[in-house]
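What follows is a group of structures, each given as structure tokens.
Shared between the two complexes below is subunit A, which pairs with subunit B and subunit C, respectively.
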Partner chain A sequence: METLKVLLVDDEEEFVSTLAERLQLRDIVPLVATHGDQALDIVENERPPVVVLDLMMPGIGGLEVLQVIRRRHPHIQVILLTGRGSTQEGIKGMRLGAFDYLMKPVKIEELIRRMNDALSASKREDP
Partner chain B sequence: MLEPIKLDPRAVLEETPPSSDQDLSPRRYRLLRRNMIIIMVLVTVLPLFSMALINHHAYRNALQREIKTPLGALVNKTKHSFELFLTERLSAVSFIASAYSFQELADQKTLNRIFRVMKSEFGGFVDLGLIDASGLQVSYVGPYNLSGKMYKDHDWFQEVLVRGEHISDVFMGYRKFPHFVIAVRSQNDAGDSWILRATIDTETFNRLIASMGLDPTSDAFIVNRAGIFQTSSKFYGNVLDPFPMPMPTLAYEANVLEMADPKGKEVLLAYAYFSSPAFALMLVKPQSEVLETWFTLKSEVFYIFVAGVFLILLVVFRIINVLVRRIEDADRQRLMTYHEIEQTNKLASIGRLAAGVAHEINNPMAIINEKAGLMEDLLQSRPHFEEKERFLKMTRSIRQSVDRCSTITHRLLGFARRMDVQIETLNLNDVVMEVYGFLEKEAFHRSIEVRLNLAEDLPEISSDHGQLQQVFINILNNAFTAVEDGGVIGIRSWETENGFLAVSIEDNGVGMSEETKKHIFDPFFSGHKGSGTGLGLSITYGIIKKLGGSIEVQSKPGEGSTFTVVLPRETKQGTEA
Partner chain C sequence: MNENRSPTPDKAFVAKITAGLSHEFMNVLATIRETSGLMEDLLALNEDEFPHRQKFADSLASIRRQINRGMEIGEKLNRFAHSLDQPRERVEINDALRQFAALMQRFMEFQKAQLTVELEESHIEIETDPFRLQMVLAACLEYCLRHRADGGTVRLQAYRTDGGVAIRFLSPSDSSPPPIDGALLEEQAELQEALRSLGASLCLIRTPGKTGLDVILPSEITTPCVP
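Up next is the complex of A and B:
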């Protein structure tokens, strides 16, 4: 089975590094960014098919990063993962082209299932 | 007892919104109603009353003037006729006394001829006599035999000798019918005085009075200055009877007095004194007749006034009742809106706070979750060691606690979302369960048994999630207040026959009386004194109406209450707000 490469973007370093380690244990290749610019650099260099993105970040915000990624690489699927449960934000993200919307804290099995769905979608867009 | 009336307009029409339940007391509106009625009645009835009064007097005065003037004119005219009549007779007698000598008149034949001519030329002469200076009637023509009669001691005889002429009062004399005398003095060449005396009957007076053309209720007569009737009166006495009213003050021009006659009847007395003889012509007209038109008009004005006042009162009462009721409704509405806004604002701030807290907690919670997850992952990959099972148990426990926390934060965020009014597709059972989740702990602590009987295949509806949450929180809160510890609350949902969805919340609490039941959806009505604003159920009612549904309650004191909410499947966005 093909390994899944995923970029995790979150300003909470503790959260993102732990999540990365757990994903690694499940044979997923995680890339980690703690702010928007870094995330965009990694997207350019690595082209991961799936990005897990926090909405609330200092500097370039999540929604902005999402827009840039979707514009430059339409096949890269973005899953929004946020602590704020405002429906409007979720709806806004989905409208801007996010693949899915999840709320923290999330069960790892649930996250992986969504990542796989996103991967399938990415492959359909860029076979 | 009446309370002191405050007519201060600020008190009557208060501008500031009522701020507490006290301000909506019936007493406040009773006072308002009473004050408004008093002011309205005063400003409408008072001018009407004054106008009626002024009109009444003005018209009465005008009418009396109108009546008095012609009465006076008639009396003046008739008086002149009388004076003319008397002057003519006096002139005739004077002429004869000047034209003939004593000797000629003493001749019976000459006197007879002269008397015949007088009778045919001037009416009213009864007899004619010649009296010498000693008072002896020398010759006489007339129906009686009065020749040789002595008049020396009669008052009139002396008066004629002194004044030269005399018109007597009316008297009966020897003839037993009313008549009066005209006498003039003359002198012969030797300087001896003699007197020519004529008697005139008063029939002429009666004719003159008849010519006034009086109506049957009026009376006219001649009275001498001593107050003795000189002609018969229709109502007040015969000729030579005393006049029964005080003599009016001397006036040669007609004058009209208002007075009461001896029977107490209000009359108008028109009179004029003659310059000579000392008579007065009087005309008496009853006031009632004079003012008959005025009385008719007065009663008409009175009826119109009474009808007007009655109409004004009726209209004032009606209008003010409607007005005060509207004001009361408006106050109630305003107070209700004010409380609703307050409530909404409160909930909105709580919502914002809750969202902030939830977000702040969710992030560290996610870290804990991941750390515990990683620990579990690492433990799983290690071979068995002594405490492995215990560690795994602990990490699972951490993750379960995280789950519990996240349930709470999700619920808080759901609460915050409720502030955004929006129609969405939802499952009524989910809403009920969310709300129940809030109260689950209380049920547990108070050992309240909650029996859920939710229809599984309930179709989804489009409605406002947040508003429905509020509805069920209000009703469930009420149920929790009503039941004792250890009580039972039943929640049931089902689809009605006509395609609506219904949720009933039943409790075995204190229940309500018929009277309470009637008012529970009224704003500011609180069944349990001192707790809450009394707005919960009225807001609930308002929300359900907005969502196109209905709510009803069944209750019996001591047995409990059942609230049933019925909702349509679709709520149009336009029905809210």
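Up next is the complex of A and C:
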């Protein structure tokens, strides 16, 4: 089975590094970014097929990062992770081409299921 | 008609700060949740070798329960903060009543009473001020609690009416309640103002052994917004 490489983007450093460790224990290769610019650099260098992106970040925001990724690399699928108060932003993100959006907190099994769905979609667009 | 559809600066400030802090609070809980999840993962990997395995598992389950509780509280707070965002918006009444019951849960526990939400009609939507609606509902609930029999349950219901919706509070009562004007409105100018701005009225229900109130709300507010 192919190893899933995923970029996790969240400004909550402890949250995202712990999530990365949990994914690693499940044989997923996580890449971590804690701000938008770093996320875009990693996308250019590593081309992960799936990105899990927090919407509410200081500096370059999640929606902007989403737009850049979709414009430069349409096959990369972006899953948005939003807080409960950010439903409208999540809907806006879907309109801008996000693969899916999930509400925090999300169970890790559910997150992995959506990441695998996103990986399949990425392969379809860039076989 | 000069309609002001923005909240007042003081309300907007409270809403902004509360929503921001509740978001931060949820981030803290999300991090604790992932950390305890990682500990659970590691425990599952080394089940046989781990000393005090059961104590650890029980403690992690307790942490998970409290995180879930904290997240529910954070969500209530966040929704409450966002109810200040718009002085008028489309509100689904069943959803609003469930949220109201959730907000009141702690107060009800202190009163050794229960609030049950009995929703029979699906999707009742009106245009109203979500924040002031909660203020009015809270005042009506207090009235019912003051006049209920000991240990009573307050039942909350909603019905469609020709012009909008009626929200009904019902509680068991040993005595006939005083008129609304005397008991509920006289000392509460703010409540009167809230009712007026919602275009709402109150109706006392007197049935043997029960006290109740109907809050009659129009399907939309026709008066200018009161900031």
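Heads up, the rule we're going with is that the second predicted complex is superposed on the first by the 124 of 127 C-alpha atoms of A that agree within 3 Å, B and C clash if a C-alpha of one lies under 4 Å from a C-alpha of the other, contacts with A are read in each partner's own complex, and residues count from 1 in each chain.
The rule is simple: a contact is a pair of C-beta atoms (placed from the backbone, for glycine too) under 8 Å apart; a residue touches a chain by one contact, two chains touch by 3 or more.
What you are looking at is a predicted structure, and each value in this text was computed from that prediction instead of being measured.
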Taking subunit A as the common reference for superposition, should the pair subunit B and subunit C be classed as clashing or as fitting? clash
Is A:Pro105 touching the first partner subunit B, the second partner subunit C, both, or neither of them? both
Of subunit B and subunit C, the partner touching more residues of subunit A is B
After superposition on the shared chain, which partner residues are touched by A:Arg72: those of subunit B (first), subunit C (second), both, or neither? neither
Per the contact definition in the header, classify A:Arg113: touching subunit B only (first), subunit C only (second), both, or neither. neither
Considering only the touch criterion stated at the top, classify A:Lys123 as touching first (subunit B), second (subunit C), both, or neither. neither
For subunit A, which residues lie in the overlap of the subunit B contacts and the subunit C contacts? 12, 14-15, 18-19, 21-22, 25, 56, 83-85, 104-105, 108
Residues of subunit C defined as touching subunit A within the complex: 19, 22-23, 26-27, 29-31, 33-35, 37-38, 41-42, 45, 71, 74-75, 78-79, 81-82
Listed in rising order, subunit B residues that touch subunit A in their complex are 355, 358-363, 365-371, 373-374, 377-378, 381, 402, 406, 409-410, 413-414, 416-417, 420
As the complex stands, subunit A meets subunit B at residues 12, 14-15, 18-19, 21-22, 25, 56, 83-88, 103-106, 108
Where on subunit A does subunit C make contact in their complex? 12, 14-15, 18-19, 21-22, 25, 56, 83-85, 104-105, 108
